[in-house]
Amino acid sequence: MKQKTEQKKSLNQGGKNMTEEKSIDFFEYFIGPQHPGITGNFGVILNAVGDEIIKAQANPGYLHRAFEKLMEQRMYLQNVPLVCRICVPEPDVNEALYSMAIETLTGIEVPERAKYIRTIVLEMARLAAYLFYFGGTAATLGLYTLPNWSFGDRDYILDLFEELTGARIYHIYMQPGGVRRDLPKDFTKKLYSLLQTLKKRIKEYDGIFFDAALFKKRTKGVGVINKDMAIEYSVTGPNLRASGIAYDIRKDTPYLAYPDINFNVITENEGDFYSRVMVRRREFEEDIKILEQLIDKLPSGEVWNRYPMPLNWKVEKGDVYVKVESTKGEYGYYVVSDGSEKPRRIHVRGPSMTHGIMLLEKLLKGQRIADISPIMFSLDICPPDIDR
Amino acid sequence: MSDFITRLKNITGLNIHKEKLYQASLKVDKEKIRKTLLDLKKEGFLQFTTLTCIDWIEEKTFQLVYHLWHREEKLHLKVKIDIDRDAPIVETVSDIYIVAQTYEREVKEMFGVDFKGNKRLIPFILEDWNEIPPMRRDFNTREYVKDMYETEDRTEEIFKPRWKKYD
Amino acid sequence: MSILNKFRGKSLWMLHYCTGCGAIEMPPVMTSRYDMERFGIIPMATPRQADILLITGYLAVKTLKRVIRTYEQMHSPKWVVGFGACTVNGGMYWDSYATIKKLELYLPVDLYIAGCMPRPEAIMDAFIELRKGISSGKYEGWKKYIENYDWYKKNQAKLFDVKKWSVNYE
Amino acid sequence: MNINILYAALAPIVAILLGLLYIGIGRKIIARLQRRYGPPFYQQYIDTIKLLAKKTVSSHGVFFSLGPIMGLAGSMVTLLFIPFGSAAPLLSFHGDIILVMYLVVIAPLGMALGVGEGSNPNGSIGMARGLTLMLAYEVPFVLALFSVVLYTHTTSIAQIVQSQAGEWSLLKFHGFNWLTFALPISAIVADICLQGMLGEKPFDQVIAPHEIASGPMVEYGGKYLGMMVINHALHIYIETALFVDIFLGGGPVWFFIPATFSVFILSLIINGVLPRFRIGQALKFYWGVPLILAVIGIIYTMVVIK
Amino acid sequence: MAWNDILKPLSGWKFLFKKPHTIRYPKEDKIPSERYRGIHTNMIDKCIGCGSCEKICMNQAITMKEMDVEVKEGTTNLRPVVDHGRCCYCGLCVDICPTGSLWLSRDYRHLSEDIDTFIIDPNVKEKEREGWQKAPEFSLIPPERGKMEEIPPEKRVKSFMEVFVGYTEPIAKEEAQRCLGCGLCVDACATHMHIPDYLKAIREGNNEEAVRIMFKNNPLSEICGTVCTHFCENVCPVGIIGEPVAIQWEKEFATRTIEDYKKIIDTTIKEKKERVAVVGAGPAGLSFAFYLRLKGYKIDVFEKYEKPGGMMLLGIPSYRLPRKVIEKEIKFITSTGVKIHTGTQIGKKKTFKELLKKYSAVFVATGNTKPYTMGIPGEEGKDTLQAISFLYDVNTGKKIDLKGKKVLVVGGGNVAMDAIRTSRRLGADVYLSYRRREVDMPADELERKEAKEEGIEFMIQTLPIEVIREKGKIKAVKYVPTDMDFSEKGKRPKPVPRMNDVRTLEVDIIIEAIGQGPDLTYLEQEFGESLKIEKGKPVVDKNLMCSIKGLFFGGDMANKQNDIVSAVADGRRAAEGVHNYLQNK
C-alpha cells in the first residue's frame, strides 16, 4: 500500500509526529509506548510495505530511572530495597543476585536453610513469571480467556509471597547473608497444596491454548531463531533452549540450593514461536517438581548470617560477576567495590538487552504486522532490563 | 577449569588469573583489545555477556570490562582495559560480537566513550539530554535534581551530629 | 447534568498504558481475581476512547512527553489517577535525574493512592472513590488543566521543549 | 399504512435495544467463562450513553465525521427489509435479499471512508483488514444464499419466511420445514460466515487491540464512538435476524428473539475460547473449507430441488 | 490438523457453571497477612528519638520532628514523621529501630487528592493491629559485644595482677562499627565526650584523631577508659536489646596504643600573668589544672599525700587501675607546666585565706575523705576498719595478712567492691552485707559478676544491728533480713528491717563501706558563716564558685554523682568558670 507520508500529524501512539518529507513507497508505523500489545513501556519504529515489515528499530528508554547512578549514592544495605525494583515481573532474581554478589565480595557464609528458602522464592517467582508469560502471549494472539485464568492463578502465588515476605510483588526478602524472616508456620503445607492445584490448572491451559489447533497454526514457523543465530546473538535462557542448545545456568554453574536438586533441562529444536512457548510450558511442570523436592529437603537451622552494622558497613575493594537463570534469560550483576561505604559501580546485565534490541530487530524483518507484539511477547522482553 | 586456563595462557600468551566463582580476569592494554577478543572467540568464548564501563575518577581512567562466557569450559572471562578519561576513544568490537553494538551504544551515551567503527552510535535511552553523560562520577545527580525539581537533599541534615552544642 | 455524571461514573474506560512499575498490579485487577469490570471499567487501547489515565508509578521524562500528549488527546471529561509514592513526591527515585518528582506540576491529578505499588484492593478503593466522586461531580481535574493551562505548560517547558520535541531515529 | 410508519419508527429502537442487550449478556457470559463475575447486563447501555455524553468532539475533517453517519444510515436502511420474525418487513419485493446483501456492505465502506481521513496507520490497516475479511466471507455467504434462493425459487426474504411457515404453537414443534433441515450444508456455511460478519474471534482482526489498537475505531472517540457502538449493535441484530429469518423460519416474537440470541451465543461460544487468525490465514480459511462446502451445498440443492 | 485439537478449546466452557474465584472487593475483603508491610505506627513512649530510622531510610522519607513528649534521661523529644510520598515500605527502619517501637501496620489504605496528607504522623499511644514487626534475632544491630578474653578467676585472685586485658585491634574496630551515631551517650556522659566522633576515628583506624577528640573533654581518658561508671553505656540504644557498645573499653584501647600524648596533642599555651591555686590533686583538681593551664594561667597544685592522684591512686586497688596508667596521665598533665606540691596540707600550715590572697582564684577539690559509720552498738573498737583507710593502707604498700580470717564488708558501692576483692586477694574469706536488693546496688554490674566469681558470698537484703565483742575482739555480728518498701516513687525502695528474725555470723574483721562525705572542718574554721553549706556540701553556682568570691569547689565534695568522670567534668567546668570570673573581674 503505497503511502506518501507528507506533513501529517499522526495523533496516536503517544503522538509521534512524522514530520520529515519522505516519498519512498513504505510507511512508518510506530508501535509506541502506549500500545496494548507491548510488554511494559517500550517503542518499536517500523517501516512496513503493506502488511510486511522491512525494517524495525527498537526505541527503549521510557522506563529509565538511572538505577546504576542511584546505587552509587546509597550504602550497601540501602540498595537491597532499590534493587528489586529493576525487573517488575520477577523482582526476586535481582534480590538474589545482589545478595550473592555482596556475599562473594565480603565472604559472608549463607546458612543452608537460607539457601533453600531463597531457591524456593526464586522458583515460586519463576512460576509466577511463567503464568504472566502465558497470559501475555495468549492475549497478544487474541485469546482473552487464558490471561484471566493465568493471572488469577498467579495471584495465589502472590498471596503466598505476601504470607512469607510481607509484600505481594516487591518482596525485599533476601538480604546479604540470608533472608530477613524465617518461614511462617505451615507455609510449606500451603505451598504444597498450591502446587497440586497448579498441576491441575496447567492441564486446563493445555486444553484451551497449548494444544489448540489455532495456536499451532498461528505460531509454528514464526520468528525462527536457528542455532547459530542464537549463538551469534548471545541469546540466553528459555529462548536459547527453544533453539535446541541445552544450556541452563542452574545446571552449568549451580548456585544456592540447585546442586542437590535433580531436574532435567528442557529443549526444543525449531526455535520458533511455538517451541519458545512450549519450552516454558514444560519448564513450568519441571519447576513444580523442583519446588516439591525443595520442600522435602528443606533443612532446619537459622536463616541469617549477620553482616556488620549497615550504617558503617564497608566492603573491601574487589569486583565480582554473579549470574542467575531468570525466566527471561541470564541475569547478571557486576559489582565493583572500592572499600568505601558505597559501591563504586553496579552493572545490571539484563537478558532483554540482547533479546530486546538486536535480536528483535532481526526477527521482525519480514514478519507480518499482526505478529509484532506476539513475537515481542514470545521473547519475553522486559523493557526495564534495557533502560534500568 | 584451571587446566583450561593454563592451556589458554600459553596459547594466547596472556596472563589470566583465576578468581572465585567460575571467574577469571585479564588485563590488556587498549590497542590489543580487538586481537585479544578475536583469539578468545576462536578459543570458544562465543557468548558476549556484557560490556561495563567503570569510572575511576581518582586515577582519571575509564575501565572497560568485556565479559565473555565459555559455554563448555564454564569460565567467565573479564577482559579489562583502561582508557584515558578525558579523551575516551576505543575501537569497536561490534564486528567480532554483533551484540556488542548495543552495549557500546549504551556506554557511549552514559559515559561518553567514543567507539570508532560502530555504525550505529545514535541516542539509545536518553532523549534530548544536554548535560554531560550522566553516569560519569562528576555529574552530581542530586544537584541536577535540586535545580530541576527543587528536591532537597537532606543527607547532611540527617547525619549532622547533635552533640556539637557541647563544644 | 448530574444524571449524565451518574452514567459517566458507572462506565469508566481506562487507558491501557503501563507507564510505570505499578502496572504489574493492574492484571490482577483487570482479570479474574479482582475483576474491575464489575464496575464497568475496561482497558481501552487508544486515548480517544479512554476516560481515566492511570499514571502507575514513576514517570521518566521521556514518558512524560508521551503521557502529556496522550492526555491532551483524550476526550474530556477525563480524569488522572496517580499510583503510589512516586507520583506524590518522587518516591524511591527522588534523586534520579531521569524521573519527575511531583506529578501535580505537569498533570491535574484527581486522586493519589498510597503504596509503593498500591495493592489491588487499594486500586479498587480508588476506582470506587472515583466512581462516587464523578457521580457527585466532585472531580473536575480536566477543567483545572484548561483553566491554568499556561502554568502547566510553563512547568512542562522547564523539562523539555514543549513545541518541537519528536522521536529521533534513523 | 400508519402501522407501517409506527413499525418503521420502532424497528431501529428495538434493534438497538436488542443488540445492546445481546452484547451486555454476551459480556457477562464471557466473564463467567473467564472465572469472573463480569459487568451487569445493562452495562452496554450505560457505556453507550456515557459515550454520547462525552463533551469534546475532535474530528479530522468532513469525511471523518461522515464515516459513522454513513455506517449508521446503511444499517438503518437494511432494517427496513429484515422481517421481525413472521411479521412482514416494511418493504418487501423480489430481489430484496440481494439488496440486503449489498446494504450490509455499505456500513463498513462508510466507516472505511471516515477512517481513511483519520490518517492513523492503525486505522488504515484495520480498514484494509476489514475489507479483505469482508471479501473473504462474502463469497461463501453469497453461494449459501444462492442455494437458498434456488431452493425456494424466490428472492424476497419475506417469501422465504412464508415458505417455511406452518401454524405456530408452543406445544407442537414443527420446525421440520425449516430451511436448515432442507439445506443443512448451506446453513453451516452461513453460520461460519456469520462468525466473520459479526467480527467474533477467530475473525476479529479488524479491531484487534493487541495488534492495531482497535483498528478503524482508533481515532474515533466520544460521540462518534457512541454511534459506532450503536452501529455494531444494529449490525449484530441484522445478521442474526437475517440468519434466523432465512434458516430458522422466522416465527412469532416469543421464538424469534430467543432464536436470534441463541445464534449470537453460538458465535460467542466459539469466540470465547479461540485466538484469532492472521488476516492472510482468515482469507485462506474462508476460501478453503466453507467455499467447497458452499459449492457442494449448491449441487445438493440442485439434486434435491422439487 | 487432528479433530480434537479443534474441539479441545471448547473444554474451557466447563467454568461457565462453576463459581468464579473473584474477590468481590467492597463486600468480601482479604485481610493482609500477619507480616504485611503497610503504613507505619510508632509507640510514642517506647521510642527514644535516636534517629537511626531516619539515617537508614534511603528515600529520606522519615524526618525527626520535635514533639511535646516528656524527655526521660537518655532520650530526646524527637519522633519520626513519615512522608508516604517517598516511603517504599521496605521495613529497614523497623529492623534497625533499637527499641522496636516502630513497625509497619497491616493497614495500607490512604486515598486523597491533596499530596500534603501523605505526610503521616505514625506516633500512637498503644499498639494497634501489628504487621511487619521487629524480631530481635533479625535486628540489624549486632547484639553481642566484641569478646575480651578474661583471666580465669582462680588465677586473678592469687595476686594483684591487672584484671583488665583490653581489646585487640581487629575486635576494637569491629566493635566500633556497632555505634549508631545517635549521640544519646554524649548527653548522658558527665564530660560530654564526643563519643560517636572518636568511635568513628577508631573505626577508620587512626587512633591519634580519636585520642585528640577525647582529650578535648577528658584529660584522664585512659583512667576513665579503665574504671569509668560508664553512664554512656547504660543509655546506649544498642544496649536495649543486645549488649551496649563497649565505649569504655574502646576508649581504653585507643589511649593504650598511644605511648606519649605529647606527640599528638599540641599544648602550645599563650601565657597569662594570673596564678591559680588548686587544693587536692584528685581527678577534679588535675583536670581543672590541665584545662586552666591550657588557657594560659600558671597553676600550683597542693596535695596532702606524697603522690598525686587522690582517690584514683589511694582508693582504687592496683588490680583494677594499674599505676603506670596514672603516672602516664599525670606526667602528661605536668608536662604542660602544672607544678604539683605534694605533702602540703592546706588548712594546717597554709590557710585558705593566705591562698586567696596570694592567688587570684583557688579551686578546692579534696574529695570525700570522711567515712560514714553505721552507728550500731559494739561498732567502735579494734578490727572495725573504714574501707577507704583499709584501701589506703593496701595501696601505700602496707603488708596486711588476712589469711584464715573472716571479713564482713558492709555496703553496696564500688568502694565496697574494692574492699571485698582486695581482702579476698589478701587471703580472707569474705562476706558482703547489703541492705537493699542486688539490682539497687550502685556498684558496676561487671564488678559484681567478677566478685561473685572470685568466691565472695553476697548476703543481700541484710542489715547488721549489733557487733558482739569478747575481750575487745569481734566474735560475731547480729543481723536481720530486710523487706523492700516501694512507697516513694522515683527513688530507690526503703529497706524495712524484720526485727523478729535475728541471725548471727562469726566474723573477725568488719569493714564499713557505706559511703563517704566531704571533710569541711578546716573551711568552717576559717570562713565560718560566710561559706554556705547545704546537706554537707558547699553551695556552688554555675561556675562552681561558692558564696566566697574567688573560691571554687568541685569534685566529689561538691557534686552528688561521686565518681571520677563527674569529678573530671567539674574540673573542666570550674576551669571555664574561673576563666570567665578572671576575665570580667
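Observations on the model:
Should a chain be cited, it is by its letter among A, B, C, D and E, assigned in written order, with residues numbered from 1 in that chain.
As a working rule, contacts are C-beta pairs under 8 Å (C-beta built on N, C-alpha and C of every residue); 3 or more make two chains touch, one makes a residue touch a chain.
Keep in mind that this is a model prediction, so the values were computed, not measured.
Path length between subunit A and subunit D in the touching-chain graph (shortest route): 1.
Common neighbours of subunit A and subunit C, by the contact definition above: B, D, E. Set against the C-alpha centre of subunit E, every other chain centre is closer than that of D.
In terms of C-beta pairs in contact, C-D outnumbers the other of B-C and C-D.
Relative to subunit B, the most remote chain by averaged C-alpha coordinates is D. Taking the mean of all protein Cα atoms as the centre, the chain whose own Cα mean lies nearest is A. Separation between the centroids of subunit A and subunit E, computed from CA atoms only, is 55 Å. In terms of their C-alpha centroids, the spacing between subunit D and subunit E amounts to 90 Å. Between subunit A and subunit B, the centres computed from C-alpha atoms are 23 Å apart.
Centroids built from CA atoms put subunit E at 52 Å from subunit B. Counting only residues that touch two or more partner chains, subunit B has 126-127, 134, 141-142, 153. Residues of subunit A in contact with two or more other chains: 11-12, 30, 35-36, 61, 64, 66, 69-70, 73, 81-82, 85, 145, 148-149, 152, 170, 208-209, 212, 214, 217, 387. In subunit D, the residues that touch at least two other chains are 31, 33-37, 209, 213, 218-219, 272-274.
Chains that are in contact with each other form these pairs: A-B, A-C, A-D, A-E, B-C, B-E, C-D, C-E, D-E. By the touch rule above, subunit B contacts subunit E in their complex via residues 153-155, 158-159, 161-163, 166-167.
Of all the residues in subunit C, the ones that touch subunit E in their complex are 32-35, 38, 85, 88-92, 94, 102, 104, 109-116, 118-119, 121-122, 124-126, 128-129, 139. Within the complex, the subunit D residues that touch subunit C are 27, 31, 34-40, 43, 46-47, 49-50, 53-58, 209, 213-214, 217-222, 225. On subunit E, the positions that touch subunit C within their shared complex are 20-26, 29-30, 32, 39, 58-60, 83-89, 108-113, 115, 118.
Chain contact summary for the complex, subunit E toward subunit B: residues 51, 54-55, 60, 63, 76, 181-183, 186-187, 192, 194, 196-197, 216-217.
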